[in-house]
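Report on the structure given below.
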Amino acid sequence: MTNGWTDVANADVILVMGGNPAENHPVGFRFVMEARLKRKAKLVCVDPRFTRTAAVADLYVPIRSGTDIAFLGGLIHRAVSTGKYQADYVRQHTNAGFLIQEGFGFADGHFTGWNAEKKSYDKSTWQYELGPDGFAKVDPSLEHPRCVFQLMRQHYARYTAEKVSDICGCTVAEFERAADEILVAHAANKSGTVLYALGWTQHSHAVQLIHAAAMVQLLMGNIGMPGGGVNAQRGHANIQGSTDMGAWNMLPGYLKIPRANLTSLDEYLHANTPKALRPDAMNYWGNTPKFMVSLLKAYYGADATAGNQFGYQWLPKIAEGANHSWAYFFDHMTEGKIDGLISWGMNPVANGPNTKKMLMGLAKLKWMIVAEVFETETAGFWKAKELAEKYYPQAGDAASIQTEVFLLPASCFAEKDGAFVNSSRWLQWKETNLEPPGDAKRDQEIMSRLFLKIRELYEKEGGTAPEPLRMMKWDYATPYAPSLTEVTREVSGRDLSTGKQVSGFGELKDDGSTVSGCWIYSGSYPESGNLMARKGQDDPTGLGLFPNYSWSWPANRRILYNRASLDTAGKPWDETRAPLRWDGLRWKGDVPDYKADAKPSQYGSFVMLPEGVARLFAPELVEGPFPEHYEPAESPVENALHPEVSFNPMAWVIQGAGDQLGVAKDYPYVGISYRLTEHFHYWTKNTAASAQLQSNFFVEVPEALAKEKNIASGDIVRVTSARGKVEGPALVTKRLRPLKISGRTVYHVGLPIHWGFIGRIHGPLINNLTASVYDPNSGTPEYKGFLVNLEKV
Amino acid sequence: MTQTVVKLIDTTLCIGCKACEVACQEWNDQEFTLGTFGGTYQTMPDLAPNFWNLIKFNERETDGGLSWLMSKYQCMHCGDPGCLRACPAPGAIVQAKNGIVDFVSDHCIGCGYCITGCPFDVPRLLPESKKVYKCTLCSDRVAVGLEPACIKSCPTNCLTFGERTEMLRVAETRAGVLKQDGHAQAGVYNPVGVGGTNVLYVLKDASDPAAYGLPADPTIPLSVRLWKGPVKWLGTMLFAGGVLGSFFHYLKFGPKEEEAPEE
Amino acid sequence: MTTGLARYDFAERAIHWLSALSFLYAAFTGLAMWSHKLYWLAGVFGGGNATRFAHPWAGLIFALVLGFMFRRWAGQMRLDREDRVWLRKSHQYAMNQDEGMPEAGRFNAGQKMLFWLQSVAAVALLATGVVLWFPEWMPRFLRLVAISLHPLAAVLAIALIILHIYMGTAVIPGAFRAMIHGRVTSGWVKAHHPKWFRLTLR
Amino acid sequence: MISRREFGLTTAFGFSLASAQAAVRELKISRTTQSRSVCPYCAVGCSVIVHSLGDKARNVRSSVVHIEGDTDSPVNRGTLCSKGISLKQFVNSDRRLTRPLYRAPGAQEWQAISWEQAYEKMARAIKTSRDQGFVEQDAQGRTVNRLENIVMMGGCTDTNEINYLISKFRFGLGLLPYENQSRL
């Protein structure tokens, strides 16, 4: 979230789209209700399903799964064409006036630079036109035909209300009513927020979808404003924190893992430290060397010196062209390229798309280590045939599966201290007074003992490349069970010259004199103590920022980009709702997303970006600088804008063993997977309360389709996709409205997740049905909007 | 002086999250069971001895489009509780000064009369223990200044708790706001037939409480009133009259003597 | 050694006392639940739960025994023309002016009325009692009917029994002995049941 | 009209406290140890208070008797959803794993294994795979120090600190294929 849960109460209009907070974040939803009660805020819910959020919304608009960019593009078109955008904000705080190179354009589903053979883009035309001074050229009038604003206007001119209706399936009137409500926020004294979740991130064009939302919010002048922002409602307690700490190709703090071509630290820093594109851009990522060196010092301690590039060589380097994404793990397993899997509390058999493929991959492993609280489908994958043969007839018998499995009893949240980062980016420290049950151990102990055991083997026996292993510091007071307080102090950072904890990332240095395991968390544990454990109740701004409650990254800032809540001269857009004020010497209010004592006009308002302003036009995304409507990889219709390029040309469509895509002729309905409020993911099938509240798997079937197929509630139905099937009772409902798409009726079939073949309650895994199709920027699977067939059993 | 406490349910704010259902079972250490599939999101078909608080889901088409009502069903803590009227065991049902109608299991004899006496059909008998159970409005929590568990858990402010006159004012104000927002029939559910209830509802359409599963005009059943009224008077009269009448009859007339001599 | 005339055989006496005891048990436990003022009676019978437990069983025993009694006596309890005259003159009987009363058979019309009224009450008590015994399986409508009808029938039955006990113990010396030992003097029979004496014993 | 039996069940809920005449049920959390934690489910980040009993003497483990929302949190102010309010069912679930389990190749069942044995076997398996799969220098002779034949995954209900330790574990091994639930 750019803003945070408590801030939602400051909104005048709330767009819930790609999320269902009433069901999946019920407690966060209380701020939606508060905004409605106190500010008479309007709640607009856009969703293929009439959810419990829709049930209390002021306006519900159904759209077909995966057509959100069309809807948001329609909003952009409507805002720009009717003048309902906050012009001053757009001019001052976005790259609307930046000139783009000659030749940039979009035609027939592709941006310029498409190479059909390589299936990739040459992005050279997507760049800013630079002046002789090396800075981007800007037309403040926004009238230059090659400025971002004009290009944007032109790009979205195709997204008329009629087109939106044709693609999304809502009526023109519904779209227009929703647009009228949402665009109210363009007034300087109105704020609108956007709440989304996996309904947006689980598409093959997910990142562009969120980009589109950011564009709408920038046009409305909502970024940086209380009651505004683009707010991802995270689905697990520490999604934010585990992302912050790096996965896939990231080091902690969003520093990139080096590629093989960057053979020295200097080369790495040169390649990964951006250069300012405008003279007034603060370009905070320019400090990358300080963050990187402090991390290396945290990893390698005294062994990291300027002389050995702070141990840069011990870090692994990714081969050019290699992609260590989840998307390829299981194919690599099936191909025998992977020996073993270590899972710290993850359940890929349940979570990954195309379950059959997960099972096939794991069966090829030599060994697997799973640290868990409950036995999961992953730990017990070798029982799939025995427990769910109906779904996995091709899975091997246990006797034929040679994978050696270790299932380690770990501890749950209440048995460990440490910090979770919630959606608001608040690091909240936990206390514990409990021991894990029986012989179970805390995860830090399991991990440390294993790490130290491996290291011991290398010390005793030698082996390949012991150096990186030996150099990684594990010098905690109790190495086999580190205190998490000690670990978090290392993460927050220390000044080696004074031996004192740093108070923030501003104190980090690139000369090896500071340590910080994750620069964005720097300052969470300063000399004064653990700020994440704070319970301060004061709220001086009255905006729900609670600066002394827990600690928020970065720098305890509660609203990201808050500098943009004022104009360049330093006047708040809305005097009644200013998170930040300039008193002539310093900024007051929230921790400024700006230099604390810099004059309002000194820097651009988006300090992290080399432009100094926000990007409407974002060339770093792989499939285009502007979001474009692409259909899901499996769609019941062709793309109404460019039928020949129906889905995201850059999407990763994996074609490994067991991967097939279906077509509408065989699989005419749109399947969507989702959570129910009564359960949490695949865990609560082990807890008595949730097992009571939703005991049985079911398939939600639209009333009209049920009538057509002579299905009554409770009848067992079979849902099939090109990958697999699920069976369960039908729940016939009016809440899945049939949608008219280009004159055809499209039905959604609702498929709640939460069940599996191991647990207190049992049911099919929905990922039996889903496809190995991924967003090319994030590597997140397209779990929403896949094709299925439905039949009565 | 003790003031009456009230649970206020603003039905316009309920999102059917079922937190109140679980909060109730957790606080009262009730066993969880498996739900049933009934073709809706409601898996508990009814209140039960271990389940005192149910959210009902009602999907229907209205003029304004699809409506999905979620409504809470539990003890209403009546001003004049039918259960209490019907209860034969003194102390098994108590009405505290603060308005909470509580069942005291130690004194409950399991006759089930309260079930019949309740116009809202709330108490449930557990055959194994031969005791009847229902919502206590967490009298144990309220006694130490805590909110009832369901109310504390409620994320959306649908459930609030406070002193009766204040809550009535809040409820009326909220209904007034709803009226302004175009719900002309908005109102407060506080039926007089049972002496008012200490569980109040704000309804978008107070003219149709049945849509929320609430009886339009609940009263204590006639037969319970008959039993506790006229039948009791009649019985008292007959028993006293019988005993006294016999006594005075004997004084006046004495026994019937045998007249005929022995054979 | 037996003296006098046989009025009740063993079976009749056994049935009578079984019904009497079960009735009293049911009545007292019932009264405990009938009024809070009489709830102290529950203490006598082992507390509220024991009372709630025993009451329906006592009632059931009473109903069963009454069934036997009914089979045994129903034929003798038919009201004839003389009985109707007797009933019309019952106020005279009450004032011990027995001279003008029609002659009573083995049972006089008052006893017959008691028999029939108790039988009706017993049926009502049984039917409503079963409903109240298992409220969890009964529809609300039936429970509502039962909850008022059961005490009403009980009130009637108890009132009649008070009368019956008074008559049987105080008003008619020898009647109680008859129900214990089974035998009465011929004088007693001639006095109270002359027709029976005339038709059967003579 | 029957007389009401009025018990002195009173409330401290912001009102004057009349003297209590009849005892109500004992408050089950009146003698607990309270620790402040955060719900492990979604990322609203609701604070909870874990109520436990037991002093951890030699024969006593503390056990959770109740979990309730923490009113100090501006996020949840004591409220919780149906999952959060039943966290006790999660902590105390009879399905919790309480000892290390091992499944030999081709086995049909789990078997118990000691931690020591498990660490031995796991460390051996990891070392064997790493020794085989580790690439110190690539074809162009550049130092790359990477390991690609072991996959690692993380759930996203581990704390920052444990995620940080995972990163050290990962880069200590030189392991590149690492994904987290957070990215699915």
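Per-chain residue numbering starts at 1, and chain names A, B, C and D are given in the order in which the chains are listed.
We adopt the following convention: a residue touches a chain if its C-beta (ideal position, glycine included) is under 8 Å from a C-beta of that chain, and two chains touch if they have at least 3 such contacts.
These numbers were taken from a predicted model, which means no experiment stands behind them.
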Once the contact rule is applied, which chains count as partners of both subunit A and subunit C?
B
Chain nearest the overall Cα centroid:
D
Most remote chain relative to subunit C, going by C-alpha centroids?
A
Take the average of all CA coordinates in subunit B, do the same for subunit C, and state the distance between these two points in whole angstrom.
40
Could you give the separation in Å between the centres of subunit A and subunit D, each centre being the mean of its C-alpha atoms?
23
Whole-Å gap between the CA centroids of subunit C and subunit D
71
Residues of subunit A whose C-beta touches two or more other chains
26-27, 30, 677-678, 688-689, 693
Subunit D, residues touching no fewer than two other chains:
67, 76, 79-82, 84-86, 89
Identify all positions of subunit B at which a residue touches two or more other chains, and write them in rising order.
17-19, 21-22, 25-26, 32, 90, 155
Which of the chains touch, listed as pairs?
A-B, A-D, B-C, B-D
Which of the residues in subunit D come into contact with subunit A in the complex?
33, 35-47, 50, 52, 56, 61-64, 67, 72-76, 79-87, 89-91, 93, 95-108, 110, 113, 115, 118-134, 136, 138, 140, 142-169, 171-184
Under the touch definition given earlier, write down the residues of subunit C that touch subunit B in their complex.
32-36, 39, 42, 48-49, 51-53, 94-96, 98, 132, 135-136, 140, 143-145, 147-149, 151-152, 154-156, 158-159, 162-163, 166, 170-174, 185-188, 190-192
Considering only the defined contacts, which subunit B positions touch subunit A in the complex?
12-19, 21-22, 25-26, 31-37, 39-41, 43-44, 59, 61, 65-70, 155-157
Residue ranges of subunit D in contact with subunit B within the complex:
2, 4-16, 18, 20, 22, 24-28, 30, 66-69, 76, 78-82, 84-86, 88-89
Using the touch definition from the top, list the residues of subunit A that touch subunit B in their complex.
22-23, 26-27, 29-30, 33-34, 37, 50, 52-56, 60, 676-678, 688-689, 691-696, 698, 713-714, 729, 731-735, 737, 761
